[in-house]
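Some structures to go through are shown next.
You will see subunit A twice below: alongside subunit B first, and alongside subunit C after that.
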Partner chain A sequence: MLDAFIQLFELQNILFLVLGTALGIVVGAIPGLTASMLIALTLPLTFHMDPVSAVTLLIGEYVGGISGGLITAILLRMPGTPASIVTTFDGYPMAQQNKAERALALGIMASVVGGIISWFFLAGMSPALAEFALQFGPWEYFALVVMALVMLAVLAQGSLAKGLLAAALGMAFAIPGIDSSIGQARLTFGNSALLTGFGLLPVLIGAFAISQVIRDACAPQMTQKVPVPQKRLPIFGSDVKTHGLNMIRSSVIGTWIGLLPGIGANIAALVSYSTAKQVSNEPEKFGKGHEPGVVAGEAANNASIGGALIPLITMGIPGSVTEAILIGALTIHNLQPGPLLFQNAPEVAYGIIAAYLVANVIMLLMMWGAVKYIAQVVRIPRSALLSVVLVFCVVGSYAVNSNFTDVWVMVAFGIIGLGLEAARVPLGPFVIGFVLSPIAEEQLRASLMMTDGDVTEILSRPYALLFLILAVLTVAWPAVVARLKPARKEEMK
Partner chain B sequence: MSQSQTQREAIGDLICCALVLIGSLILFIGASSLPPPRFEPLGSAAMPRILGFLLVVLSAVVALQAVAKLRQPKTPTVDIEATPNSPYRGLIVLAALIVYVFALDVLQLPFLIATTLFVTVTGTAMHRFAARSIVIHGALGLIIAVLISTVFSRFLGIEIG
Partner chain C sequence: MYYLSNKRTLRRGFCTFLATAGLVYGLGLVGPNSAGQAQAEEFPSKSIKIIVPFKPGGRTDVVARLISEKIQEKGLLSQSMAVVNADGGAGANAVAQMRRGDTDGHTIIHWHHQALIAMAMELGDFDMSDFRSLGYTGGGSPVWAVKADSEFNTIEQLVDHLKANPRSLVEAVGIGTIPHFVGGMFANAAGFETRYVTANSGADRLRLLLGGNADIALFAASEYLAQGDGLKALVYFGRERLPEMPDVPTATEAGYDVSWTNPNWWLAPADTPDAAAEALSAALEAAINDPEIADYFRNNTLEPYWMSGADARADAENVLVRLKKVAETIQ
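Here is the complex of A and B:
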């Protein structure tokens, strides 16, 4: 770990981390642009960088992207990222009561504390969990992927059937190309351009960035007048006593919710906010500019990043689209996230952990010193931003292999993404299904080879069985709750 | 949610299901041309078949839910147009994107010219059609194009287009 920190503080790496965090904060502060979009767009550039520099840049963007959202959430009641929606509940009323500086100060502090607490979980659990995951065989991996996909599909907004449909559809799009097991073309229909399959980057950029830009283009264009914070950001020693417990509780909640696939930073913030309200002596003050509301949401959403990085680096399981893109970043450098990452590329595995901590500190310094300037980015016309983002989408897709096939694939997946969104089919399970499909197939084929085609073997493996049971319970849970509700109502009557 | 919106969504779901069914048909056709397994029990065609089957089942479930929504008795409601969104702007931007990629790939238009024109068209479409807007977005497009092509050609060795 110490080596990772030493490596991180090499000039090139620390510069990338600062650049990534700064870009993330700015993009995070702009409503409509998200951290995942920024990471997807910068991913092609990292192709030419060494893996450690690449992950430091992307981790900086991730941390900055989630944190930057609080600025516009507090000043304009427009969350820069979905993760900051909860911050609008109390942050904006505080700004209206001329306490914008205080809300920003608390939000920034809570974000940093959330990040640091979840770092302890990340640094403490990851190596041990990776060591443990080394015991997993193909059956366990297959069951783990199935569980992650099912959880993502079930927890995605909208209907269960549509969540599962999205995951299956994403998996289907990963099939065309050369089947690596037998070295034969599959579902290419004689088209040589399909032999390499659909590239991860064009799919990610198309499904997320393009569809989001087109949706934003449809929205009315408004120029925002930003109420710039005038005074120093006030933070006091007594805040440790007043908000310390709330920060720790929300950070722990955020980390554990981040660990579960598919839930995300916005739900983590919402759960922490509800918990803070429930345990408060003054629950009626929440939503009217109450400081603990800002603290709970911001500590949790930042902490969820650390939580989400744990299954990513220890088992190669992405919890959200952003982690799926980070998997893409590792795979384009021929690195396979999972337990072997700690053995094959410890500088990258520990580099991610070290970068996450330092990115939080950099975020604190930047946001504390420059929040009033960062807030001004909202004044840049959306038309200019979105046009430039589209150019970056095209250039980014082209840059991976220097060919336009990838760009056309990106455009096609942009249209598919728009269509899915229009039909309210969630994009998260679609993209993660696309990422996890090859792993699921590879592990299933390896498992069946080991057991000579005997599927029942999975039932004799405790961890694999546990993952499958969890997957079944996740699917069945909403139906069970729906059945129990009328029964409870009857009892109450 | 108004009655007409629910119906629109249900019809959208049915269209989506039809497209997914076509997709699963493609999976089955593709899988049928693959050789049977030789060295391993599962074989190359299994995954497309499994996913094709799952897609058929899930789209049937979604279609049934959509039909149930359509069959709900109609209640008189008032449509509230709360969102002044303009789908035409999105369509213009999407069309401009396709033309931009076509111009770079097929017409081999230089990156600087294509990008300047693209940013001008999309920026103006999203902002408003006025001389000032055209000039500002045109200048922005030119600056971005010069910056990107310089960075890509000088530092990454990539010539775009």
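Here is the complex of A and C:
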């Protein structure tokens, strides 16, 4: 391991890491462009590098890409990457309350803490954790996603009915496309453009970024007052006490959810956000610019990368598209990730682990240094800023699959998002329903295929059962609290 | 600096810049062809777009990138090549891209036999008549593997068990993907039946098998070898045993008439002119015969070879007939 760090500090490798992280942050911050696009673009360049330099560049991009998303989520309410959806919930209200710098500083701190905590899991417990993650079969995935979906109901602000309506709509839009359980077209109306279904990125940037662009464009030009940057970033010693526990909890949740291939950073951030809200003494403040909301999401989404790297380097199982490309980069150098990687190319296996830690530190230094200037983005006239954002949204949604239909999908969802918000239907549950329901559906149907339609199997699976119990508790908790409260009051009397 | 002080000058400066850039760009385009107007029809006259119907990073994508790099490096075609990933819709997105592009050979697809499966399942709105086959640049065969601590050590044991206890084992497949069809062909030939669990990628199959949530899964030979002692391969679907795993019998040796090789298949639109198709095929053939490419193939348990467009088409048509039969039984 030490060798790996020494090797990493060779000038060339550290330069690639810095370059990768910087590119990652920029691309991550731009709505529409994601880390996986950046990595796909740089993949051909890595053909001619040595394998260690190649992975350091790509890991830097990966870490930077997830971290950069918080910038636009907080300042513009447009998640720069899908993993930053929950950061918009509290980050943007904070920015509107003139606490943009504070929100950014907290988000960056949380990201780094998340990254470092998950690094300890990655470096110290990889084989054991990978074993554990493998025990998760379709039933466990299904139960986990059901739990996340139930938490969503709790997340819904304001009217519960509207929250559920939004989630149901999101789920409905996830239906068209090729039904992955039977390989047949579903609700495509014979249109081959619909065979792909609605992509995550076009829907997401449509619902968040495009709707915001349209809304801002319609709003009268207002000159937003931005406070003069302070000399020192607003992070205090007392934050360790206020946010420490939340950071650790969110990082652990992020790491563990990241462990599960195919679940990913978005869901990690969502679950840790809902958990933070549930255990909070003041859950009503969430969604209105509450600091722990920003911390929970950003700690978890960064931690999930460390988690996702665990099955990647120990088993060769990629957890996301980004990691699948990482594997591609290794195979070009005749390295097959898997248990044998540590024997065949220890410098690469340990190089990935070391690069992950250093990338987090570099990310901290860069974003810390730049945050004051980044916060000034909102001073740029809206008209100029939004035009640029719009261009990137179009480019980004086209670039995912080089398909122009996706651009129209994005525009359509921009209008849908606008309509939903106008009807005071929250966008969060809409997007989350859209993201989660295909996983729940596929996993449930896989489970039922596996057991020939026997549902009771779920009861004999301890982890699955645990998630279901947690889900039931989540729903029942408010009722229980309501019961307990009068009792407690009587006691006090 | 002074233009910045004056907007009009700035605009004029910008126009001059645009004009200059346009001129340079125009010259750049004309440059290579200006040597002789007689050769104006020569192929290729501009950059060639290679559509890969998958996300980046997979085998098809990597092979496309390696081969196109080699073609550029050795100057096998006079223009550059760019790989474009168009995932989605079981290839329908890629085919739609191809149809929108040029039909003169400047837009081609690098695919594999998943294309035939989509045709057999009638998923997309395309079939063989949409394509002109340029050739195969090598290919590879998969193995059927079980977990290392499985009770089954040979393919006979597994088949006997499944015949005695139908549907007693779980096979990780993506319905309507290659593992599903290869498993289905094998099951039809040997006369047994498995239960399925959905696994839409190699990563999913590995996860389910190693975690004990599936009993059998299909892997590329290189995927299997990378797992070291974690997995046990029972049967190889290639025509001959693979040197890296000398103890794994082929299905034919085990007495079942099943083999499956998934080639790297290069396709162009059906009405691509002969001259362009021949130029592309020649470049591809030269690239696959390059020692560096051949090394990459062998290290990844792929076999580097060249099969001409017509032969590849005949082979693909045979496979399609077989796949259609399987599709009838599994749909």
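One rule holds for everything that comes next: the second predicted complex is superposed on the first by the 265 of 493 C-alpha atoms of A that agree within 3 Å, B and C clash if a C-alpha of one lies under 4 Å from a C-alpha of the other, contacts with A are read in each partner's own complex, and residues count from 1 in each chain.
Basically, a residue touches a chain if its C-beta (ideal position, glycine included) is under 8 Å from a C-beta of that chain, and two chains touch if they have at least 3 such contacts.
In this text, all values refer to a predicted model and were calculated from it rather than measured experimentally.
Peer 1: Report for A:402: first if it touches subunit B alone, second if subunit C alone, otherwise both or neither.
Peer 2: both
Peer 1: Look at A:452 in the shared chain and tell me whether it touches subunit B only, subunit C only, both, or neither; answer first, second, both or neither.
Peer 2: So A:452 meets both subunit B and subunit C here.
Peer 1: A:462 contacts which: subunit B (first), subunit C (second), both, neither?
Peer 2: neither
Peer 1: In the superposed arrangement, does A:218 touch subunit B (first), subunit C (second), both or neither?
Peer 2: In the superposed model, A:218 contacts subunit B only, not subunit C.
Peer 1: With both complexes overlaid on chain A, does A:164 touch subunit B (first), subunit C (second), both or neither?
Peer 2: first
Peer 1: Based on the superposed arrangement, let me know which partner A:182 touches: subunit B (first), subunit C (second), both, or neither?
Peer 2: A:182 contacts both subunit B and subunit C.
Peer 1: Quick check on the superposed pair: does A:384 touch subunit B, subunit C, both, or neither? Answer first, second, both or neither.
Peer 2: The first partner, subunit B, only.
Peer 1: Which subunit A residues contact subunit B in one complex and subunit C in the other?
Peer 2: Subunit A residues touching both partners: 181-182, 184, 402, 445, 449, 452.
Peer 1: If we count contacts the way the header does, which residues on subunit B are in touch with subunit A in the complex?
Peer 2: 9, 12-13, 15-16, 19-20, 23-24, 26-27, 30-31, 34-35, 38-42, 44, 47-48, 51-52, 54-55, 58-59, 61-62, 65, 84-87, 89-90, 93-94, 97-98, 100-101, 104-105, 115, 118-119, 122-128, 133, 136-137, 140-141, 144-145, 148, 152, 156, 158, 160
Peer 1: Going by the contact rule at the top, pick out the subunit A residues touching subunit C in the complex.
Peer 2: 39-40, 43-44, 47, 133-138, 177-178, 180-185, 192-193, 195-197, 199, 261-262, 311, 315-318, 321, 324-329, 331-332, 334, 336-341, 343, 401-403, 442, 445-447, 449-450, 452
Peer 1: Please output the residues of subunit C touching subunit A within their complex, sorted ascending.
Peer 2: 51, 55-59, 61-62, 65-66, 69, 83-90, 92-93, 96-97, 121, 123-125, 167, 170, 174-177, 180, 195-201, 203-204, 206-208, 210-214, 222-223, 225-230, 296, 299-300
Peer 1: Which residues of subunit A touch subunit B in their complex?
Peer 2: That would be residues 45, 48, 159, 161-162, 164-165, 168-169, 171-172, 175-176, 179, 181-182, 184, 186-187, 189, 210, 213-215, 217-221, 381-384, 386-388, 390-392, 394-395, 398-399, 402, 404, 407-408, 411, 414-415, 418-420, 422-425, 437, 441, 444-445, 448-449, 452-453 of subunit A.
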